[in-house]
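By letter and in written order, the chains are A, B, C and D; residue numbering begins at 1 in each of them.
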Amino acid sequence: MDKKQSNSAPKKQVRVGLVGHMFMGVAHSNAFRNAPIWFDLPVDVVMKAVCAKDSEENLSAFAAKFGWEETEHNWRNLVAREDIDLVSVAVPGDLHRPIVLEAARQGKHILCEKPLANVLEDAVEMVETVSKAGVRSCCGYSYRSTPAAALAAQLVQEERLGRIYHVHARYAQDWPSSPEFPMVWRFDKDVAGSGSLGDICAHSIDMAHFITGLAFVEVSGNLQTMIHERFLDPASPQAGTSRVTVDDVAQFLCNFDNGATGCFEAT
Amino acid sequence: MDKKQSNSAPKKQVRVGLVGHMFMGVAHSNAFRNAPIWFDLPVDVVMKAVCAKDSEENLSAFAAKFGWEETEHNWRNLVAREDIDLVSVAVPGDLHRPIVLEAARQGKHILCEKPLANVLEDAVEMVETVSKAGVRSCCGYSYRSTPAAALAAQLVQEERLGRIYHVHARYAQDWPSSPEFPMVWRFDKDVAGSGSLGDICAHSIDMAHFITGLAFVEVSGNLQTMIHERFLDPASPQAGTSRVTVDDVAQFLCNFDNGATGCFEAT
Amino acid sequence: MDKKQSNSAPKKQVRVGLVGHMFMGVAHSNAFRNAPIWFDLPVDVVMKAVCAKDSEENLSAFAAKFGWEETEHNWRNLVAREDIDLVSVAVPGDLHRPIVLEAARQGKHILCEKPLANVLEDAVEMVETVSKAGVRSCCGYSYRSTPAAALAAQLVQEERLGRIYHVHARYAQDWPSSPEFPMVWRFDKDVAGSGSLGDICAHSIDMAHFITGLAFVEVSGNLQTMIHERFLDPASPQAGTSRVTVDDVAQFLCNFDNGATGCFEAT
Amino acid sequence: MDKKQSNSAPKKQVRVGLVGHMFMGVAHSNAFRNAPIWFDLPVDVVMKAVCAKDSEENLSAFAAKFGWEETEHNWRNLVAREDIDLVSVAVPGDLHRPIVLEAARQGKHILCEKPLANVLEDAVEMVETVSKAGVRSCCGYSYRSTPAAALAAQLVQEERLGRIYHVHARYAQDWPSSPEFPMVWRFDKDVAGSGSLGDICAHSIDMAHFITGLAFVEVSGNLQTMIHERFLDPASPQAGTSRVTVDDVAQFLCNFDNGATGCFEAT
């Protein structure tokens, strides 16, 4: 009977602090937990702390499940910790700017979910600040890592596809099409910034740029909201409804810098 | 041994005069020739005369093949004939207006190919003139007769599809995508009016209206020409090239009168 | 105004006599009527006479519709006519043998629908007799003429597909799957010989041989009848039912002479 | 700053011992490691020990990666351990019988990979022995847990699909189709028992039974080997080749107990 031991040479540690424990917080936790198993990473990932506004009971259960060593309830504390090297931002869009700016000021490397910011000015400020801080940063366009997208990008780079005449992207998720789906923060413009445009069309836009290398020259688009009111709790209609302030359909046409046309749809 | 004889009761005759013997002229000829076999028409179709600017040798061979009784070389003569009840217009778009107006003046029923006219003013004039003349008329949106489209329209009419949120139409023909495909009248704006927009996107637009019953409220679109020069004869490059003056890519977004969005692509 | 005239040089005539005016009789009539329009045939097709056991009223209406010059009610008379060069056999399988043998004896060229015969012995006798008679003959495997099949066969012949490991063919027609579909001769073994095997799987088998050039070495199969009784007239259930004596599901596995495996399904 | 702590009530522990650390050993390790995160299991999974014939260096690295507490190099030792409740068997088929029989004798619960055994007699003996031992057991038909399969089975159970006439299953993996793929134990009949039949067609067979509840009545099949020799090491052809002694194509037809037909293909 032998006690387990690692046969790897010692690697540099990257101690991660995660802000957010909802949908994308789960995704980030799973990634930090399992990436070292499937890929031969150049660093050792240490899941140092997860931060969220929730009861300690809930958050510590979350931490135990995924393997986070500690919990925090205020992102400013997390970002200020000396034993954190990388801050992973997995919260709604209106919080991206303050967390990223503070993390950059503290010299932390940053992984920030998309969309980077809810308005263009914030995004520009964030990119410039992070750039000046000299830390490493990345926006969470996770589809870049899918094998199909990586292969497509490679085929274009190797000029094996010939001239690109047209890009068509459709990203259609079905869950918001049900009027029974309740009000969540993603339907609130003050928090989310936009709806289908920033939530999923952002992926299509990034993919188009990532794969083809083309840049937009002209854009003409259309945002629509099909379902204007959603129940706060579909199981208790008497609890009332709330107004949807973001788009649930986004579509635009564009011309690219090589003369190609594009059509993007998201819903 | 029995000589053949028809067992049908005598029907009213519709004596047809066709203008055009190219791609759509062939299609119209085939339709007039075979429709009575597959459908129990309320009238007898008589293929009286076909008219085209071509040698009598070529045109009479065409007539013999499809069963046209006689030939004409000037559409004004054809339209003026007393033994013609219906004029079928299967020529490029710039000839639609004069033929239709004259046919209406002569009291002929009219089947005119799409697009009805190259500019909106002509179309309005044609519709008003034909309407005043009191003759029957039809624009050649042949896809309305496909079983799939007819079924789709029926499902919408019977309200079995629920609310329509979005219409997406893509009509992509591949032949113009080859730079080797030679210059033809369809690439000449003076003759064709437009390219992919009028030639094929017109079908998508008609289908959307035919199936859903929805009307456009707002439109934002984009016409592009990917291949600007085409060989007059790809087999003889020294014969030179000619400029393509129509779009070979057409796409537009729209909002419909029920709040639905639409996306149309043609190439 | 010019009377039509043909500009073709005179071609040899092939005067056709058709036996059968039901489903495949319609298909043959349509083919003989329209093939000369779409293809530059080396002969002139003359639709001389159609033969069927039906009232003269019905048959002459059929003849008028498709352009058959005369009608016959006894296939022996048709086959014996001196002004017939080719006999086209479009009747149920149990009549193929007597008609083909007599046509060969009379020196007529023969187009016989598939399956050639209801039992192997008949087919062998027919092929040998026709071969000795020195007439031209063809079995109606119409799918050979589809562009996709012709292209596939060409790709194999040009050795552009590499080694063929497996052939899978599924031909599923949906009409017999309804228990409401009435009893017809295709469900009667005495007339049709077999059901899905001879009616549609025969096409798959011919396609496999036509495209790949491979021959069967071993076969193991399974015929099943899912619906054993069918109404003589579903609109009048009291009219009673009749027993289905053929398969409505046919499937077999095979090994080909190059070591490839095959799987055929028809229903 | 709060130390993590679990908020769950204490659950019964299941201490797992895994035999095998190759393809399926990785799959089992990943499952035991992550299942408690995504599902609310009624027990706590303890990854006690992994056992494989490999160097301690390799095996302990494997254990560290996935979180196995200890390593073993002899499956008899593993199975005999008092601190193991469940033995997970993820080794080639010829080892299934001895490990399962011994585990049952030791009173361990058993998860055994498919195919259960290389010959029917072994499988029968194993099922009887395990049944008498009174332990819990499961064969690793992992596709049963896919949402699509579970939904399909549910639809059949609720009788929402009507009568089942036919089952068609095709499971085609592409890796063995390359002649360059080297010799591995899966191509050795003494170890694997069979090739495509047991390796992947077994999944199709289980799925058919799981989803439809039907049982086989008659079977007629065909095993073929398309690639008879494989390089021991394609990078060093001089190292020689070895004979493939299993099928790489398996197909069979069957009749089910409700009269339905079936067609199974695996390659």
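Going forward, contacts are C-beta pairs under 8 Å (C-beta built on N, C-alpha and C of every residue); 3 or more make two chains touch, one makes a residue touch a chain.
Predicted model, so just to flag it, every value in this text is computed and none were measured.
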Path length in the contact graph (chain B to chain D, fewest steps): 2
Selected interface, C-D versus B-C, where C-beta contact pairs are more numerous: B-C
Distance-maximising chain from chain B - centres being C-alpha averages: D
Centre distance in Å when chain B and chain C are each reduced to the mean of their C-alpha atoms: 36
Geometric centre distance via CA averages, chain D-chain C, whole Å: 50
Sites on chain C at which at least two other chains make contact: none
Touch-based graph of the chains, sorted into line, ring, star, complete or other: ring
Pairs of chains satisfying the touch condition: A-B, A-D, B-C, C-D
Contacting residues of chain B [partner chain C, same complex]: 1-8, 30, 34, 36-37, 49, 56-58, 60-61, 63-66, 68-72, 77
Touching residues (chain side chain A, partner chain B) in the complex: 165-166, 168, 177, 220-222, 224, 226, 249, 251-253, 255, 259, 261, 263, 265, 267
